[in-house]
Structures are given as C-alpha cells and as structure tokens.
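Each structure below is given as structure tokens.
One chain, subunit A, links the two complexes that follow: it is found with subunit B in the first and with subunit C in the second.
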Partner chain A sequence: MNFLQYFTRRVLLVMPLLVGITMMAFLIANLIPADPIIANLPPNALNDEDTIAAFRKKWGLDKPMHEQYLTYLGNLVQGDMGTSIKTRKPVGEDIARRLPATIELATLGIIFGIALGVGLGLVSAIWKDSWADYFARVIALIGVSFPVFLIALVLLNVFYAQLRIAAGPGRLDIIMRPPPTVTGLFTVDALLNGDLNTFRNALSHLILPAITLALYISGIISRITRSSLLEVLNQDYMRTARAKGLRERYVIGFHGMRNSLIPVVTVIGLSYGNLLVGSILIESIFAYPGIGFYMFRASTSQDFPAIMGVSLLFAFIYVGVNFVVDILYFFLDPRIRVA
Partner chain B sequence: MSSISSISSSTHEFESPSRRELAAYHLRRNPLVALGLIIAILWIVVAFIAPDIAPFEPLKQDLVNRLQGPNAQFAMGSDELGRDIFSRVLWGSRITIPAGLAVIIIGSTLGVIIGAVAGYAGGIVDELLMRLTELFMAFPFIILAMAVTAALGPDIQNAVIALSVVWWPRYARILRGLVLEVKSQEFVEAAHSAGAGGAYVLFRTILPNCVAPAVILATLDIGTAVLSFAALSFIGLGPEPSSPEWGRMVSIGIDFFDQWWMWLFPGFAIASLVMAFNFIGDGLRDILDPRLRGE
Partner chain C sequence: MNRRNTLLVLVALIALLLGSFAGVAQDEKVLVIGHTETTDAYDPANGFTGTTHMVNHVAYDQLVTFPDDSAAEILPKLADSWEISEDGMTYTFSLNQDAVFANGDDVTAEDVVFSFNRLKYRDGNPSFLADPIDSLEAIDDDTVAITLVEPRPSFLSEITSAVFSVTNADVVRANGGTDAMDAAETDEAGAYLDSNSAGSGPYILASWEPQDRTELVRNEGYWGEQPYFDRVIIINMPEAATKIVALEAGQIDIALDLNSDQVAEFEGNADIQVHRGLSNWTHFIIMNTDESLSGPFADPKVQLAVRYALDYDGYKTLWGGVTPGTNMWVGLFSAFGEDRAFSRDLDKARELLAEAGYPDGLDMPLEYPDTTIGGVPFSTNAQKIQSDLAEAGINVILQPGEMQVALERYRSGDHTNGYWLWGPDILDPVDFTSFLPGGKVATERNNWQLEDVPEDIQGLIARAKTASDTDERLEVYTALQEFIQQYGPFAPFNVPEQPSATRADIEGYIFHPHWTLDVAILSRGM
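After this line comes the complex of A and B, so read on.
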C-alpha cells in the first residue's frame, strides 16, 4: 500500500466519525435537557417572547428532528455554536479568542510530557530494578494517581507562594502589556516583536502549568515506554544486533527504540484526551485565560452552550490528533506498507 | 456425573493449599499490592463507620473557629465556615467510594453486554454496535461526561450516570474480541447441539469464559473512575458546594489558597485512594497476565 492509498483510507474512516460527533453533540444538547430553551438562554431572557421566538427560529426548534440537526449542522459549519449565557458573546468567538493561550500551554506541556515520559520509561527499562527504575516508577505513579489539580496547587504553593521562583496566575504579570498579536502565542509574538522582557515573563507564567500538564501525561507515557521497551529488549533480533558487535547505544537507540515506539505513539495520541481535560483543571487553578479556564467557568455557572461548544471542539481536536497518529504509523511500522 | 465431580473435588482439595501458597507468594513478590489492599480496606471501613468516628458533623458551621490551621481541636484545620476538615474528609469517603464503584459496575456491565452481543450476533448488529463504540471512543471520555452531566443538571447521581454512559466502550471492544475467540470452540458447539438457545449459550456458556480480563480491567479502572468523578465535581458538575465531597472541597479550597489545609487534605484523600486501587490493579495484572509484566 502506498502512502496516498493509506492516507485516503484513513480520511474516509475519519469523515463518518466527525459527522457522528456532531450528531452526538446535537443529541446531548437537544434531547437530554428537560427544555433546551431553558438550558440555552439566560434566565432573564425567558420572559421575553421575542428572544425565545428568535431562538426557536434560529435552531429550527419547531421543525422535525432531522431538520433541526441540519439547521444545527449548517450553523456549526459557519462557526455558530450559540451564545454563551455568561459572556453574552457567541461561543465560537469566545473560543477563538482563548484558543491560542491553550495551544501555547498544551504545546509546551506535551513537549515536556513526552520528554519526561519517554525519558523516565527508557531509564527504567534499561536499568530495570535499579534505584533509578524505582524512582522513575514512583514519578509515573504520582502522575497517574494524584489528581492533577492537587499537583497544580502544590507546585503553585511551593514555587510561587513559598520560594517565589516562578510566576503566578495569568499569562503575564498584571503590569505587563501583551505583545502585538500575530499568532496569539505570547511567547512567539514577543520574540517576533524583539521584546525579550515580555518573552521571559510569558515563559515564566507558562512553566508551572506546563510542568503540571507534563507530569500528568508523562505517567502513562513512561509506563507504556517501559513495558514496550522491556518486551522489545528480549527479542532475538536484539541479541543478534549485540552479537554482530553493535554498540549498546546503537542497539537500544535504533533497534530497541524504533520497535518499541508504536505503542508509545498510540498512547501519546490517546493521552491528548488527558491533556485536554488536564487543561481544564490546570488552567482553572493557574487562572490561565485559555479554553480550559473558559470551560471551568462555564461548568461552574451552568453555561450550557459554552460547555457544548468546548466539548465539540475538544472532540474534534482529539479525533484530529489520533488521525495524525494513524498517519505516523505508516512511517513507523513498515508492515503497514506490505499489508 | 458423580464420578467426575468426585474427581474434581479431590483435585480441588489437592490444589487449594498450593493456591493459598501462590497468593502468599505473589503478595510477597508484590508488597505494593498488600499496601494497596490495606489502604483500600481502611478507606472502605472508614466509609462505613465515618458517622461514628468523625469528631464533628460534616456540615456543622462554627464561624468563630473559621479557617483554623490544623490543631488539637481540628486535626486537619477548619474551612471558611468553620467546618471540621477532618470530619469532612472522613465523610467524603461515603460519597467517592460508592460513586467510583457504581461507575465501574454499571459501565463495565453495559460494556460486557454490548460487546458480547456484538461478538455473538455478528453481521449488521455487530457492525452497528461497533461503530457506536468507536463514536463514543472518539470523545475524550471525561469531556463527554461533562457535556452529559451539564445537560442532565449537576448532582452526584447525574455525574455517576454520565460517567457510566461514557465508560463502557473499552469493555465492549475487549469483550467482543474474546467472545469471537470463544465462540468457535467445541464446547460452544456442544451447547448448541444440545439444544441450548442463543441467549443461554451466550450468557451461560461463552461469557463465563470471558469475564476474567474484564475484571482485571475493571480493577485497574477504579482509580481512574475515582479521579474522573473528583474532576467532575471539582469543576462543579457534581455534588452541591456544601457537600463534603473531596473534589468539591479542593475546588472551594482554591479560593483560600494560603489556607493550604483546605485543599491539601481532601486532595491527599483522593490520591491515597486512587493509588491504593492502582497498586491492586497493577499487581492483579502482573499476577494474572505475566505477559504484561515485561520480563
């Protein structure tokens, strides 16, 4: 199978999934609440006949179910996910404004997380049953067992409140002005603007939440790396590689790592789900104004349209990331090309 | 028949001491399993006797003594309304443990049934159920649970329902595979030819041979269920604010960041319970499925 065939097949598999997700979101939004009007409009608008009529018309609530879904889909394609009860702005607009902050945090978090997870997994597989192995496994255990909000609070308390070596809540110190918007990522924009001061400040605000996120996702990554590499290390071809005189570094780095990478890549894709959930819990503690914080505010104030909007976005991102993982398999696993 | 049962019972007598030895051997080799068991049992006992051992009522306010740090009177300090954190943490086990177990029991049962039916029926039923499973797996499951809870209205019961509703897909997948495997074995054919009906064969002949992996997965999952429930209630999609639920207590504690006892102790309660279940689950997997041990 060549790459184009493989790619097309994957795309064809993802399409129905995306449609299915919108259907599911539609069903949750329209079937479960006792009354979608009460769920979606602010309480004080419920006495206003005009607002209610406009809402009915916009979402086609007087029409049969399948037409309602098509209306919903039509609105969605235009980026219309309804109006937030809390901010009174369109949910799509709210999300777009907050997305760069979360992308910035999530990117840094996943880089740290993979580095930490794969690193710890490697160490504990290569030096199995040594003190380094136990240390790495304890870290992994904390990552999978401690609630992420507890890790966030402890880090914030120790490194910000006590030691004062990390910046506190928010994306920048209050006295700092955000850099001119190009990408919306403060660190990148500050660099583009040649403003090292703002860059350093933005980065120092990112460090703690990113480390929390990294700890959270590295637990599962390091566990899978360890068990996957241990399995590979026992294979005959590893003995062959050593027998033909390859250096240990090369044996593990090339033959070992590459063959143990597939489950690791899978779990990185899956842990993106954790990353998204983690962003909600972590941003809420660091008062970091991204999508997660928005979702937190929406949940605590029963802002139903906002909750549905963010859920839909997260499902799309999740499917997208796992699609990329599927594509990566093609390069990691030569067997796919034969099949 | 009688001769067979006498043989099997004599074999059983022969095996049973060695089984106990085996268990002891595994516990010695996996001291963490023993530790996990001790902590989990301790929490379960606490859940039963919390009303008797808690020094204060979990909801009793005492505004004179609000925001006290840990001291002789309030072992874990008091919160913003002067409620005793220690008592609330003890009472919290009565919410979190049943909630976590309920999610696992409902979710895994649902998954086992759906997966078994899909695998056994095959054809269009299988196809439909598996597409549905994939659809549910396309959502990060807590996000889906958040949306469902928000739609149902936040409370403990709805959080449990929402988590159960999103919990089943992995079980369905695994069970389907196992049923497909077992379905083609001779004893199933024997049951069919003895005239047993489809449902009887599936639930009495095939399923008993498939549940072990589901049980391992369920044990491994309890920790995740507890964490997910805590996360839902942390973001306000669980019990009402005054409830002595651990996740909720942490989330209220954020506003009192400097009064670290308000969030640290409930947080540790969650962590200790989850860690205990993870120790047990990991150990169980190592013992029952040595292939995963990676040796």
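After this line comes the complex of A and C, so read on.
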C-alpha cells in the first residue's frame, strides 16, 4: 500500500465519524434531565410565563428535537455555530478568542507530559525493580488515579497560596494588561512586542496548570513506555546489538526506543483526548480563560450552542491528532507499508 | 548543545520565572473582586443579572436610590426632589443641577426620557420593568414628569434599579441607539454599551471580556464624591476553591458568592475578614388552601401548628441569617423581623393539632425541588423539617422533584404542601401582596381566594396596593402581617446569610440586597 492510498482510506473513515459525533453530542446535550430555562433565567423571571415562552422561542427550544438538529447541521455547514446563550456572542467568535489560551496551555502540558511520561517509563524499564522503578511507578500511579481537580487544588494551595513560588489563577497577574493581540498566545505576543516582563508573567501562569495536565497524562504514557520497552529489551536483536559491542546508550536509544514507540505514540494520541477533557476542570480551577473554562460554564448553564460547538471542536482535534498518529505509524512501522 | 549549556539555560529560565514575582510597581490603587460572573449584558436596557447591577450601579446614576445597606428608604440621587400627584399617577422629578456625565455633558430631563423609553421599547430582559410607565415628558432641562398606567406605590423603589440608569442620549444615539417604539429591531447600541458606559456614575466601564473579566476606571469628572480606587477589576472565578486561595494569596481583595461552609475556612486568619450579609431569599413551607389537595393542611389551625413546630434556631445554626416574621422579606420597610417571628413551642403545636381533630398526629406530603440555591440545598432543610415536625406528631413524607416538574405543580396550584423560597421581585413592601389573597403565590399557586378572608382584610389588601403615604403603609402592612401570622397558609422559617470575604485592609464593605456591592464606597486601610 502506498502512502496516498493509506492517506485516502484514513480520510474517508474520518467523515462519517464526524457526522456521528455531531449527532451524539446533540443527543446527549438534549437528553440530560436539566432545563436550560432554569439555568439561564433569573429565579424571579421563572414566575413569568411570557419570559419563558420568549426564551424558548428565541433559542429554538419550542421546536421538535430532530428539527433543532437539522437546523443546527444546516447552519454548521455554512460555518455558523450559533450564538451562545451565556455570552450572547457567536460561538465561533467565542471559541476563536479562547482557543489560543488552551493551545498555549495544552502545548506546554503535552511537552511536560511526554517528557515526564517517557522519562519515567525509561527509568522504570532500564532499572526494572529498583527503587527508581518503584518511585517512577508511584508517580505514574498518582497521575493516573488522582482526580485532576484534586491535583490542581493541591498544587495551587502548596505552591501558590502557601509557598508563594508559583503564579496563581488566570493567564496573567490580574493587574497586568494582556499584550497586543497577534496570535492570541500571550507568551508569543509578548515576545513579539518585546515585552519580557509580560512574557515571564504569562509563562509563569502556565506552569502549574501545565504540570497538572502533564501529571494527568504522563501516568498512562509512562506505564505503556515501561511495558513496551521491557518487552523489546528481551528481544533477541537487543542481545545481538549488545553482542556486536554497541554502546548501551545506542542499544536502548536506537534499537530499543524505536521499536517500542508504536504503542507509546498511540497512547500519546489518545492522551490528547484526556488532555482536552482535563482542561475543562483544570482551566476552571485555575480560572484560566480557555476553551475548557468556556465549556465548563456552558455545561453548567445548559448553553446548547456552546456545548455543541466545543464538543465538535474537541472531536475535530481528537480525530485530527489520531489521524496524524495513524500517519506516523506509516513511517514508524515498515510493516504497515507492505500490509 | 552540551550539558553545561543546557544547565545554564535551565538556571536562566528559572531565574527569569522567579524574577516575575518581584512584583509590579503599584502606583495606582486597584481593587480586585473575584466572583461568579452572571452578566448577560452591561447595556442598562438589556442586562438583568447580579453582576450587571453591581457594575451599572457605579457606572451610572439613577434618579433615586436606597441607603447603602438596605431597601428601607428612598434617597435622592440624580433627582434632588420629586412630587407625586394627588392621584398617584404622575411623578415629577427635579434633577440635580450639578450632575454631569463622564464626558462632561449635563444630565438633562431629555436624557431621562430617552433612557426610560429605550428601556421600554428595547425589549431586553429587564424591559418589563418599564411596563408601568405610560409616558414621559421633559418639562424643562431639569424637570421630568413620568405618568404611570395606574397608581403604583412601589414605583420609586423600582427605579432605584440599575435598569433605570440614566444614559447620555447623545452618546447612545451616536452609537446606534434609539428610543423609538421599534427600538427592539432598530437599536444597535447594545454592543457599544456592553463594553463602554455612557453614564454619570463614579466609575466608567473600560472593558468586558465575557466570562473572564470586567474593568472599571474612575470617572475623574464625577460630580459627587470621588471614590478611592482608581481601577476596579472584576474577575470571573466560579470555583469557590480558586477564590479562596486567590484571596488568601492576596491576589483578589474580595471574594463574593461563597457559602457558610466556605467562609468557615477563614476562621482565625488575620488577613481576611468575613462578612455575613443577609440574602434576599425567604425559605418557607406552603400548605395548599384547597382541601381536596392538601387535606388537613388546609385548616388554619394545622397551619399554625406547623409554624409552632419548626425549630427556627436550628435553621439559623445551619445557614446563619435571621428568622423572618412573615413572608415579607425582612429587609423591607415595615417587615416583621426576628423580634416578631415565631419561636418553637411544641406543646402549643400539639394542642392546636388536637383542637383540629388530630390528637394522634397525621401525615404530611412535602414537595420540593431537588436543587441548591444560594448555597442552601433544599434536601437538607427538607430533612430538618421532617425531623422538626415529627416531634409535634406530624409525619412528613418527603417528595423531592426535578426542578421543572416541581415548579410546574407549584405554579399551577396542584401541589399538596411544598417547600419553596422567594426573593422579592420588587424591593418594596408591595411585593408582599403576592402572599395575600388575590396575589400570585397565595391565589395562583395556593388557591387562597379573596373571599376566603374577612371583609376588613380584603379592604386592607386593596389599600396595600395603592397606599403611598409612609404612615398609612406602616399601619396597613402591620395589620396584614399580623393576620397572616395567625391565619396564613405559609410557614416562613429562614432568610439565610449571604457570606463573602475580603482582605482585612478593605474598608467600607457592605452587602446590599439589590446591587450586591457598591465599589465606590470601598477603600483600603493600612
């Protein structure tokens, strides 16, 4: 199979998946037994039938569900994601304004996460059953099993509120003004503007939430790295490589790592999903105004257009990342090229 | 890069990061408030939420206002005096000559006419509040006459609201605003007014990032007393835990929207001051007056027994606040507060039940929404009601329902007995008429008809709706509250506190039932 064939097949598989996702998101958002009216109107207005009727009409809640879905899909195809009930701005605009914040955080989070996860996995595998292995596995276990909001709160409490060595909630110190918008990434914009002070501040505000995200995803990455590498380390060709007199660093780095990477890359792709989900809680706790924070507010106020918009965005990102992972296999694993 | 270089880069990076905590030079006085943002809009004719009221209360002025801490009195603001016509239909306000907008323009009668008409025709969330207004007339630059559809003694209380903010007509028009009858379709000033203000208040709205932050800067040309803070930043921090750490770390000065449990964390922290204001929610039991629905609980004697059986102090222990005397919110003029509230008397309760023919007790279904409002979960109070009434021989059967379902049964008057809460629609005693026969709660929801009460009470209810003289209102509302305490189908039991916390150096913090917080009266001590 050549690359083009492989690529086309992957793209075709993605299409129905995305349509299915819009349908699932719509169903879930509609079927949960909560009422957007109660969530969005002040309690006193709940006494007023006219206000409620007007609200239903305005947001199309008076129409049957299939009609609501088809209208939504029709608008979506034309690039209109609807208007958020909560912010009263177009969802597309809301997302565009908040996405850079999340990209900034997620990028740092995934870098930390991969470094930590792969690093711990390597240590565990190479020094199997030593104290280093146990230590690395405990860290991984904490990352996997502790609720992410708890990690976030502990980090905030210890490093920000008590020790005062880390920056707190938000993207910048509250009294600082954001740099002029170019990319929307505060760190990049600050550098472009030559403003080191703002750059430092923005970066420092990313540290704690990025570490939280990293801990959250590194657990699974390190476990997979460990088991996958251990398996490879026992292979005959590893013994052969050593027998040839190659240095240990080269044996593990080239023969070992490369061959154990496939499951690791898969799990990193899957972790991206966790990263997005994690960002909802993490951003809320760090009052970090990104997509996750937006999604949290949208969910708690039954803001359907916003929930749909973010779900779709998450789905696109997730599908996109896993698409890239599939493509990476092609290069990592020669067997796929012949199969 | 060799290993030494890597190390150097790392060290430099860490130094860079630590350097950022050296602090930013602070020559301006900044106040930071952390809260749960509810803003739907800052356009006074379109916004109708807690955050909107807090911001517009200082970005604009209203004709009249309330005292800093209550709703018990009407005070002059843009209007320095007013007259009410004999028939109670026309209010004539004379404007303060000194009042100017932030851009220096005079505040004129024309601006008042424009603002109120725009509110009325804009068809925004709060527009219904302008329904009682029939017409407005600018008699001269400083005199405006407002004619109502019918007499409305609560009118002055109503126009204290930030919804009735006076906007600079020229500025709003220049940004696409209109007060024409078709304003709902043609007004385009909403986007401008959501991130800029056009008012005469002590602050100017400088920016709004929805669900993130709102910034106010001081109006240097304010016609009244200059506020202390140069800049006010209102940050959206919906997570209570985040607000708490940010307050402890001193990153925010004020944390709003906390509950009793959360402020308990600050006990013994000298840097933080806890404030326990009064919420405007009255929690109460309602017993259906229709015997076919509530059975024995339609009997006023049984209803009175319920009032004697509740452990009022227990609810105060749980949620703070006060025990109300009646369903009139305790912060209102003439309301019966704790000094005129019931205290628990189980013997009396049992005696009343025996008199009513239930010496061996009886069952009481209790419907309520399974939700939490203002940090108070209904289920906790419902369980307490159950155990309180059990001691008097009433076996409460709890029937929690999903909000919408429970609300539907309540609204349509089909419920048996219920546990609900009420926040005044209008901060005026006339709001209490909802709980009197003919009113929304009493009749629509509870089938308590006007003909069920004696004629003299019917007369008092009619007078309550029209009386505007202070002495007369006091007399009428006192008599009605005394009546409902003995014969009403309600058992109000708690008005919970509304806790919040500030850094210890913040001075002048007062919780207000309408605008939450007046940032213009705050300052920072030593």
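Of note:
One rule holds for everything that comes next: the second predicted complex is superposed on the first by the 290 of 339 C-alpha atoms of A that agree within 3 Å, B and C clash if a C-alpha of one lies under 4 Å from a C-alpha of the other, contacts with A are read in each partner's own complex, and residues count from 1 in each chain.
Heads up, the rule we're going with is that a contact is a pair of C-beta atoms (placed from the backbone, for glycine too) under 8 Å apart; a residue touches a chain by one contact, two chains touch by 3 or more.
Quantities reported herein were computed from a predicted structural model and do not represent experimental measurements.
Contacts of A:Pro147 after superposition: subunit B is touched, whereas subunit C is not reached. Applying the stated contact rule after C-alpha superposition, one finds that A:Ala161 touches each of subunit B and subunit C. When the two complexes are overlaid on their common chain A, residue A:Ser299 makes contact with subunit B while staying clear of subunit C.
Judged by the touch definition given at the top, the superposed model places A:Ile21 against subunit B, while subunit C stays out of reach. In the superposition on chain A, contact is made by A:Ile175 with subunit C only, not with subunit B.
After overlaying the two complexes on the shared chain, residue contacts for A:Ile280 are found with subunit B alone; subunit C is out of touch.
When the two structures are aligned on the shared chain, A:Lys86 is found in touch with subunit C, with no touch to subunit B. In the superposition on chain A, contact of A:Ile307 is made with subunit B only, not with subunit C.
Looking at subunit A, you'll find residues 33, 153, 156-157, 161, 284-285, 296, 300 touch subunit B in one structure and subunit C in the other. Those residues of subunit B that touch subunit A in the shared complex are 131, 134-135, 138-144, 146-148, 150-152, 154, 223, 227, 230-231, 234-237, 247, 250-251, 253-254, 257-258, 260, 263-264, 267-268, 270-271, 274-275, 278, 292, 294-295. Of all residues in subunit A, those touching subunit C in their complex are 33, 35, 37-38, 42-48, 51, 86-89, 94, 153, 156-157, 160-161, 164-165, 167-170, 173-176, 197, 200-201, 203-204, 207, 284-287, 289, 293-294, 296-297, 300.
Residues 16-17, 20-21, 24-25, 28-29, 32-33, 39, 125, 141, 144-150, 153-154, 156-157, 161, 226-227, 230-231, 272-274, 276-277, 280-281, 284-285, 295-296, 299-300, 302, 304, 307-308, 310-311, 314-315, 318-319 of subunit A are the ones that touch subunit B when the two sit in their complex. Contact residues on subunit C toward subunit A in their complex (touch as defined above): 16-21, 24, 26, 30, 32, 34, 40-41, 48-49, 125, 128, 209-213, 231, 233, 235-239, 241-242, 245-246, 248-249, 251-252, 373, 402-404, 407, 411, 423, 425, 440.
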